[in-house]
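Per-chain residue numbering starts at 1, and chain names A, B and C are given in the order in which the chains are listed.
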Amino acid sequence: MPFLQLANVRKLYPNAAAAAVENFSLDVEAGEFVSLLGPSGCGKTTTLRMIAGFETLTAGQIVMDGKAIEEMRPNQRNIGMVFQSYALFPNMTVADNIGFGLSVGGSAKAAIQQRVREMLALIKLEELGARYPYQLSGGQQQRVALARALAIRPKLLLLDEPLSALDAKIRVALRNDIRAIQRKLGITTLYVTHDQEEALSLSDRVVVMNHGLIEQVGNPFEIYNFPRTTYVAQFVGTLNLLDAVVVEPTAGSVQIQGQPAHTTSLAGCSQGEQIRLALRPELLALKSTGQADENRLAGVVETIAFLGAVVRIQVRVGEALLALDEFNNPQLAVPAVGSPVFVYFARSSCLKLL
Amino acid sequence: MRRINWFAWLWFTLGALYFVLPLWGTLIFSLQKRRGVLSLDAYSAALGDPRFVETFVFSNFMAICTILASLLLIVPTAYWVHLHLPRWRPVVEFVSLLPFVIPAIVLVFGFIKLYSKPIVLLGIPLFPSLTTSNLSTNLLLIAGYTVLSLPYMYRAVDNGLRAMDVGTLTEAAQSLGAGWWTILWRVILPNLRTALLSGALLTFAIVVGELTIATFLARPAFGPYLALLGNHRAYEPAALAIVSFLLTWVAMGLIDRVTRGTRDVVAGSH
Amino acid sequence: MAATHTPPARRRLTWLGLAPFFLFALFFIFLPSASLFVDSFRSPEGHFTLEHLGGLLQPPIPGSYALSIGVSAFTAVVGGLLGSLMAYALTAGNLPRWLRPLTLTFAGVASNFAGVPLAFAFISTLGRTGFVTALFQDLLGIDLYDAGFNLYSFLGLSVTYLYFQFPLMLLVMVPAIEGLKRSWREAAESLGATPTQYWMRVGIPILLPSLLGTVLLLFGNAFGAYATAYALTGGRLNLITIQIGAQIRGDVLRNPNLGYAMALGMVAIMAVTLLGYSWLQRLSERWLKDTR
């Protein structure tokens, strides 16, 4: 039995045309870190708020630790929550913020103090217990918010875009800290974000959502390398989309912009069918010769952009524009704009999308 | 899901009753001048009194003069502070808030003490007594009212200036060849319209019925007339109270309309 | 800033732009107050004296201060309480939405409806022959005035002052309560707090500085009031403003310097009130600095 189970959850706001969340079913194992990933308005935050108890369900069931919780009040669920806006109580010190949950729960003073010290050590802000929130940086405030949520020893930790309000550098540092703390405590965690890099780097599993529906569930490796739909493929990372015509389904041969190519994923296709193929930029290479089983497309270099660690080269192949990434190094021979080149890629890296 | 909150309804109803009852009471009372029937007699008597017309016209005239004086004083000052002397802003702000600390009664006391005698500095007479002629006393009244309006007007203008980028607008106008007067008149003022209008209306609401300063400067203003009327009439004052309430409502309604709810809350002058 | 584009010779003169404002303030705020201030320390012969300040301790002046402070404090606290409760009802009380703009507009008008007309409204309502007085008599058989109520007393004046105090509080508290972030409430709830615990330990403490600050503002508002009290009681109630008014008219004490000292005392009390207000205001702004 999974630790947290959402079954056919639906949320329809009054006067709304479409449901905010539709037929959402997900099992989360104890200790797992699961991200809900999608653009704003895709229903990921609504799902999280239904688990926390701030929104009611229109239909469906939520079971946590063997108990149905969808009728419980938020203050009875024992779920820790971290908000995008930190939501620290401005009238209390850091220590009082962290101790708030235990204090309203009636814990003894000494026990609260002990727990607050533990939590401050956990977030490495031991010396800031007496400060007020307005005296802290955004990153520090969010650490305190995390400690406050964890102080009550919740069964489940919910994080709603906790890094969105922070600067890029702090975001990465805090991201790693969140993951380390989650591992250390082994707490089951649901993490809402619109940032694919965040979701992929943090999670055991990622749930990609679109218009209230689950598009795909999988571990980061699967989501990135084997996106099932165009939506997932486009949302996660940069992707080349190529229109192709099936020539011979059993042999896997297709035509891309009039040039022959092969792919390994043509199951169920018929001859002459229009399909769409996806290619990651980093799986393409500019070479003069390749192996016999590699695909080869002839094209012309159109633009070159230095992105730091990689150089992104756009090659025009017929009517299509292919982006490809080369790792940057001082010896890299970059072709001139307008020169004819060959683009090589493995047959297996060419994915057919639904 | 939305439960009825009896506690909330209780307090709302009590508050609403307290709001409405005095108005309703005054309205009913004002309609009872003729025994046994409701009539508008009190209104025709009150509004037909030549003293009412005189004092009301006088107070409106004073209000308009005050608004003009206040605008002339504060708009250039606030603009100058925004543009050239931002470090002076706390000082100007502090001075503009002083009228909150100095009640009208104290202010007029000081006026009378200082300006009812000729001002002599080191044996040289600077001013004659200001309270001896009607014109100079009216000017003193306008000055007093301008002081009362200072906090509201400065707040309104300052907020208006904050909402636009004064420096850039001015530089843009300068680069197009505009002089100071043109900049103020054709660039800054049109953008301040809302702020100026709400400041002016608030000043109007404060000044028209003002009693304290007008009484002690012995001006034939509406406030003192109203107070006097209350001493020897019963129904007419009630009628004029209703009229004042409607006027206040119109002024506040107009402010709400022009600012659409962005107005600051401020204390009135009582 | 544009100031950097001004030639140095002209820059030295930029302060001249503020001259009209400061001249006006000098002649119509500073000099009038300063002349009262100076003369409250000066004997008729022109020597320095504390005699007039000592005179503030002679009856009936302490009583006047006490009455003014009493009425102001009472109406500020009661107005603050009622205003907050009604603000709570309007914002968090599940009342129909259309009530809010209506009530706020009404409050805007009521908080500016003061002075003589307000006094008349209450005479017509709670005076001896007033509407509500008659209502009590006709419906309940209670004569309010026999029962000890008098419009021209402490209680009557307070009830009248509350008409502008209470809506002013409402106007400040509605946006303040609306400024409480939803996530504070949700964070408290998810940490196990009941709604009462949330209000007692988070909501009300966050509102407290602006609540107390506004109560101080109301205090000052009532303390400086002259017109309403004068029109209502015709000078019968011994408020400090009424005393000063009588002093200006030359009615009573015939000691102008004592009058100056009374005015000075008023300004001192108002200054302390406003200082307290601005301190609380800053505290609240600091708390809520980057949370809006």
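Here is the rule we go by: contacts are C-beta pairs under 8 Å (C-beta built on N, C-alpha and C of every residue); 3 or more make two chains touch, one makes a residue touch a chain.
Because the structure is predicted, anything quoted here is derived from the model rather than measured.
Viewed as a network of touching protein chains, the structure reduces to a simple linear path. Distance between Cα centroids is largest for the pairing of chain B with A.
If each chain is reduced to the centroid of its CA atoms, chain A and chain C end up 55 Å from each other. In terms of their C-alpha centroids, the spacing between chain A and chain B amounts to 59 Å.
Note: centroid distance chain B to chain C, computed from Cα atoms, is 17 Å. None of the residues of chain A touches two or more other chains.
Chain contact summary for the complex, chain B toward chain C: residues 2-5, 7-12, 14-16, 18-19, 21-26, 28-30, 73-74, 76-77, 80-81, 83-86, 88, 92, 95, 97-114, 143-144, 146-147, 167, 170-171, 174, 202, 205-206, 209-212, 216, 223, 226-227, 230-231, 234, 237-238, 240-241, 244-245, 248-249, 251-253, 255-256, 263, 265, 267-270. Every residue of chain A that touches chain C in the complex is listed here, in rising order: 52-54, 73-81, 83, 85, 87-92, 100-101, 104-105, 132, 134, 145, 148-149, 152. Those residues of chain C that touch chain B in the complex are listed here as 1-3, 5-6, 14-15, 17-18, 20-22, 24-25, 27-29, 31-33, 35-36, 39, 82, 85-86, 88-90, 92-95, 99, 103, 105-126, 129-132, 161-164, 166-168, 170-172, 175, 217-218, 220-228, 230-231, 234, 241, 244-245, 247-249, 256, 259-260, 263, 266-267, 270-271, 274.
Residue ranges on chain C touching chain A, taken from their complex, read 181, 183-184, 186-194, 197, 201-202, 205-206, 208, 286-291.
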